[in-house]
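Chain IDs A, B and C follow the sequence of writing; residue 1 opens each chain.
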Amino acid sequence: MARPRRDEEPHVSDARAEILAKIERAVRTGRIPGGEPHGAPAAAKTAGDSTLSNADRFILEARALGVEVFVEWSAEAVRERLALLTSGKRVLAWHPNRLPYKAGDALPGAVSGAASKVEQARADVGVTGCHGAIAETGSLALIEGSGCSRTVSLLPPVHVALVRRADLIATMGEFFTARADAMAQSANCTFVTGPSRTADIELSLTIGVHGPGKVVVILGP
Amino acid sequence: MTFAARARDAIGNHQLHVALDRTTAQFGLRRSAAIATLDQFDAVRNQARAAKMQVLRTLGESLQEFERQLLASGARVHWAQTGEEANQIVVDIALKAGVRRVAKSKSMVSEETHLNGALERAGVTVIETDLGEYIVQLGNDRPSHIIAPIVHLTREQVGRLMQEKLAVPYTDDTQTLARYARERLREEFLQADMGLTGANFGVVENGTICLVTNEGNGRMVTTLPRIHVAMMGIEKLVPTMADLDRFLKLLARSATGQKLTTYTTLIRGPKRGGDDCGPEELHVVLIDNGRSQMLAGEIAEILGCIRCGACLNACPVYRTVGGHAYGDTYPGPVGAIVTPGLRGLDKHAELPGASSLCGACRDVCPVRLDIPRMLLALRHQAVEQTPQPLALRVGLKAFAHLASRPRLYRTAMSWVRRFLRSRASDGWIHDAPGMASGWTRFRELRAPAAQSFEAQWRARAATKSRT
Amino acid sequence: MIVQLFPTCLVNEFRPDVGMAVARVLERAGCEVALPEGLTCCGQPAFNAGFHDEARQVARHTIGVLGATDGPIVIPSGSCCDMLVHQNVELFRDDAAMADKARKVADRCREFSQLVAERLRANAAPAAAGAARRAPASTRVAYHPSCHLQRGLGVTREPRELVGSVTTAESVKFDEQDECCGFGGLFSIKNAEISAAMMDRKLAAIEASGADRLVSCDLGCLMHLEGGLRRRGAAIKVQHLAELLDEAATP
């Protein structure tokens, strides 16, 4: 179990003391601006349609990213959709206890984050729930914990995320506030906003680099 | 090679010209579209600026609190005064843990310190996993843009490079080229002993390290290897999660035109008890390397930079000469300040002068950094600290002497006018003498007037008063 | 209303005719134009080059001359105006008395188009600076917004409105209109190749727009662009905004 301890090598402590001493001297002479910056500010602009519900906004943003979104109205329909998406495929999933809609029932033979990395890396599809679905950006919040391994949404080429209505939240800022405790107890919280991508070569877009190239959301009741 | 020589080479490079036009135009358009989706963009920028300036004013306390929070989460914290110290710390961590392969996600500060060479010399293999950086590494090249390292290369060049270094069939199809990299690097992710990243933001109030990436390599190297080392400049702090939220609204929009990058990763310590994956050890290396020095002077404000690259895309000089001309890790307007700041003005005195001070950078900066003011401050410092061309010194001194003595000024100016007019034909000078020859290399110079405005005005007034 | 005219050194030595046009336009807009005695230069070249002592020497003199007058100070140059409005206070940061004088002068400064537009709005009578009393040949005008004017001073609307007020002139947009022309003062000589490359881009865009006239509020930009156009043998006429307005109003 991790235990807080400071590094004890003397040269490092010296570095720390030196740096802090330099900083203390520096802030006395440094030109650090306080108030309004110089220049003619542009007019404020408004964001998208604020009359949309969280669900509608989330769906709009997610689809704009190339995420495929299925809207299902019952737990059974969610499981059916999930079964369709994963039939004949090797599945890596969160532990059934952590999946909503008893989705584990639709994933017999799924491997979990407890399996070896090599085996996890062979999966075709990763199935997760989520800890939040951010409407303003179409993002999925995934908090690492027991049974919620990060590898599930990272290693396979396809990521299927089960989102409950109750997971929807308007903004990331609100999520930070609402889930501060859950985040504090975890080593990792990742917001997934669409499939992985790069535009490094001539700024031309390629979808699907190291993370999943396809993200699917099943939005249930 | 001097900046001037590199700039000259760049201007003569047609393919670079095409690449830079495309890069700056594309990024500019994407940024504009993305800004339009942010409510109260300027208000958010003002808040972000205030947060960064507050961090700088309280940097010592902020760093200590950040360290406390990191330690409480189980991370180990190291402090490095210089780039060499930082590299040594990382090498020591690697050697102590028997690390043979390091998988790196993009980290500009690690380029600043030249980490890769230090690791290689210690017998540790380093693989860059960001596609652009991977290609830079393959080609033994240098990045030319903060966000998109290989904007200076064409797809054909990348294709040829991969064919040569990876023994794959030549193609210029970017999807295929990305796939080549994906296949090679997947194995690296699974085999690496250590993952190395930078840190886009460090949140003081809870010790969170935030990484902002698109490809997934950032997640890979902070999930699979047993050790994660994050190198972080001491200025990369933000006070609270609410501040982080604001910066996240600004960073991707300013850099690539996205609302958010694909992966926003918030790290709090190494893996916890019940986690199936994640690093057993998290090391955070806090790096000074000249930052505390910059904090002490006129350019302290540049420490608020969040490395979005928007200033590069807006800068007509960057667009003309590209990133390599700046000669160091950080190009563009921010580089023209940071490079002299980190490496010494005496070695890079040309950089602050390589600007027309148009202010486009300040306009687009998400933290509203006053880059022109800092360039001017560095120019002043250069005059105090480095040798200036004799002609310039003498010329400006003479001009100042004259310009504060109107009668002397008028006389001297009338001689200058007469002299220049004597070199003109048809009202224009094709070949100006001395320092001014730089002008006529590319432009005609209008001959001055026979009589100054002031003389004409006084004459007119005298005539009027006589009638 | 009496206004103090600061011609600027470039106008004074190279284009006194622009200074005269400025004065006439101001007079038509209802101003009485005074020329303070002993004006030389705002000090910007020395300041931009980092020579603060020299810049202060010049600025001290200029602030002294202007400070001894009253009323608005009109400057037919965005960059000189920005120097007086923003940079002098910076230059005299460590000299409270001078900084105060600099601030008082700064508060009175108006760039030419800024003041003319202000006067036209204030005057009920349409002594419109650009109202055509005769009809010069129809002309397609490209307006180049200089950097210190648009970004330093935030003056973006007024010059365009004034060009637009010339009924026989058609405003023509061109690509990347807001981008720096590459003059930058001494930059044009010290970094001549970069300056010229930026100039080439600007001129190519202006030529592609089909404009037959290029107008700006800054003589530095104008001399640079005009010098480039002449070297290329291009037929585009280059004018300070004051000349365009003066021409349009002259019977």
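What we mean here is this: contacts are C-beta pairs under 8 Å (C-beta built on N, C-alpha and C of every residue); 3 or more make two chains touch, one makes a residue touch a chain.
Worth saying up front: this structure is predicted, and the values here are computed from it rather than measured.
Visitor: Which chains lie in contact with each of subunit A and subunit C?
Guide: B
Visitor: Among all other chains, pick the one whose mean CA position is farthest from the mean CA position of subunit A.
Guide: C
Visitor: Among the chain pairs here, which one is joined by the most contacts?
Guide: Result of the pairwise contact count: A-B comes out on top.
Visitor: Using only alpha carbons, which chain's centroid is the nearest to the whole structure's centroid?
Guide: B
Visitor: Please report how many Å separate the Cα centroid of subunit A from that of subunit C, as a whole number.
Guide: Chain centres of subunit A and subunit C, defined by C-alpha means, are spaced 52 Å apart.
Visitor: Averaging only over C-alpha atoms, locate the centres of subunit A and subunit B and give their separation in whole Å.
Guide: Between these chains, centre-to-centre, one finds 28 Å.
Visitor: Between subunit B and subunit C, what is the gap in Å from one C-alpha centre to the other?
Guide: 32
Visitor: Give the residues of subunit C touching no fewer than two other chains, as numbers and ranges.
Guide: Residues 151-152 of subunit C touch two or more partner chains.
Visitor: Any chance you could list the residues of subunit B touching two or more other chains?
Guide: Where subunit B meets two or more other chains at a single residue, that happens at 359, 362-363, 373.
Visitor: Where in subunit A do residues touch at least two different other chains?
Guide: Residues 38-39 of subunit A each touch two or more of the other chains.
Visitor: For the complex, give me every residue of subunit C touching subunit B.
Guide: Touch residues, subunit C against subunit B: 7, 9, 11-17, 19-20, 23, 35, 37-41, 43, 45-55, 57-58, 60-61, 90, 147-148, 151-152, 178-180, 182-185, 187-199, 201, 223-224, 226-228, 230-231.
Visitor: Could you pull out which subunit B residues touch subunit C in their complex?
Guide: Touch list, subunit B to subunit C: 4, 7-8, 11, 316-317, 320-321, 353-360, 362-363, 373, 376, 378-383, 392-393, 396-397, 399-406, 409, 413, 416-417, 428, 435-436, 438-439, 441-446, 448-449, 451-454, 456-458.
Visitor: Under the definition above, what is the set of subunit B residues touching subunit A in their complex?
Guide: Those residues of subunit B that touch subunit A are 19, 22-23, 26-27, 35-43, 46, 49, 53, 56-60, 63-64, 71-81, 85, 89, 129-132, 135, 148-151, 153-155, 158, 174-175, 177-178, 181-182, 185-186, 189-190, 206, 214-217, 219-220, 222-224, 234, 241-242, 244-245, 248, 256, 258-278, 286, 288, 292-293, 295-301, 359, 362-363, 368, 370, 373, 377.
Visitor: So in the complex, the part of subunit A that touches subunit B is made up of which residues?
Guide: Per the touch definition, subunit A meets subunit B at residues 1-7, 12, 15-16, 18-20, 22-27, 29-34, 36-39, 41-48, 61, 112-114, 117-118, 121, 136-137, 139, 144-147, 149-151, 154, 171-173, 176-177, 180, 183-204, 206, 208-212.
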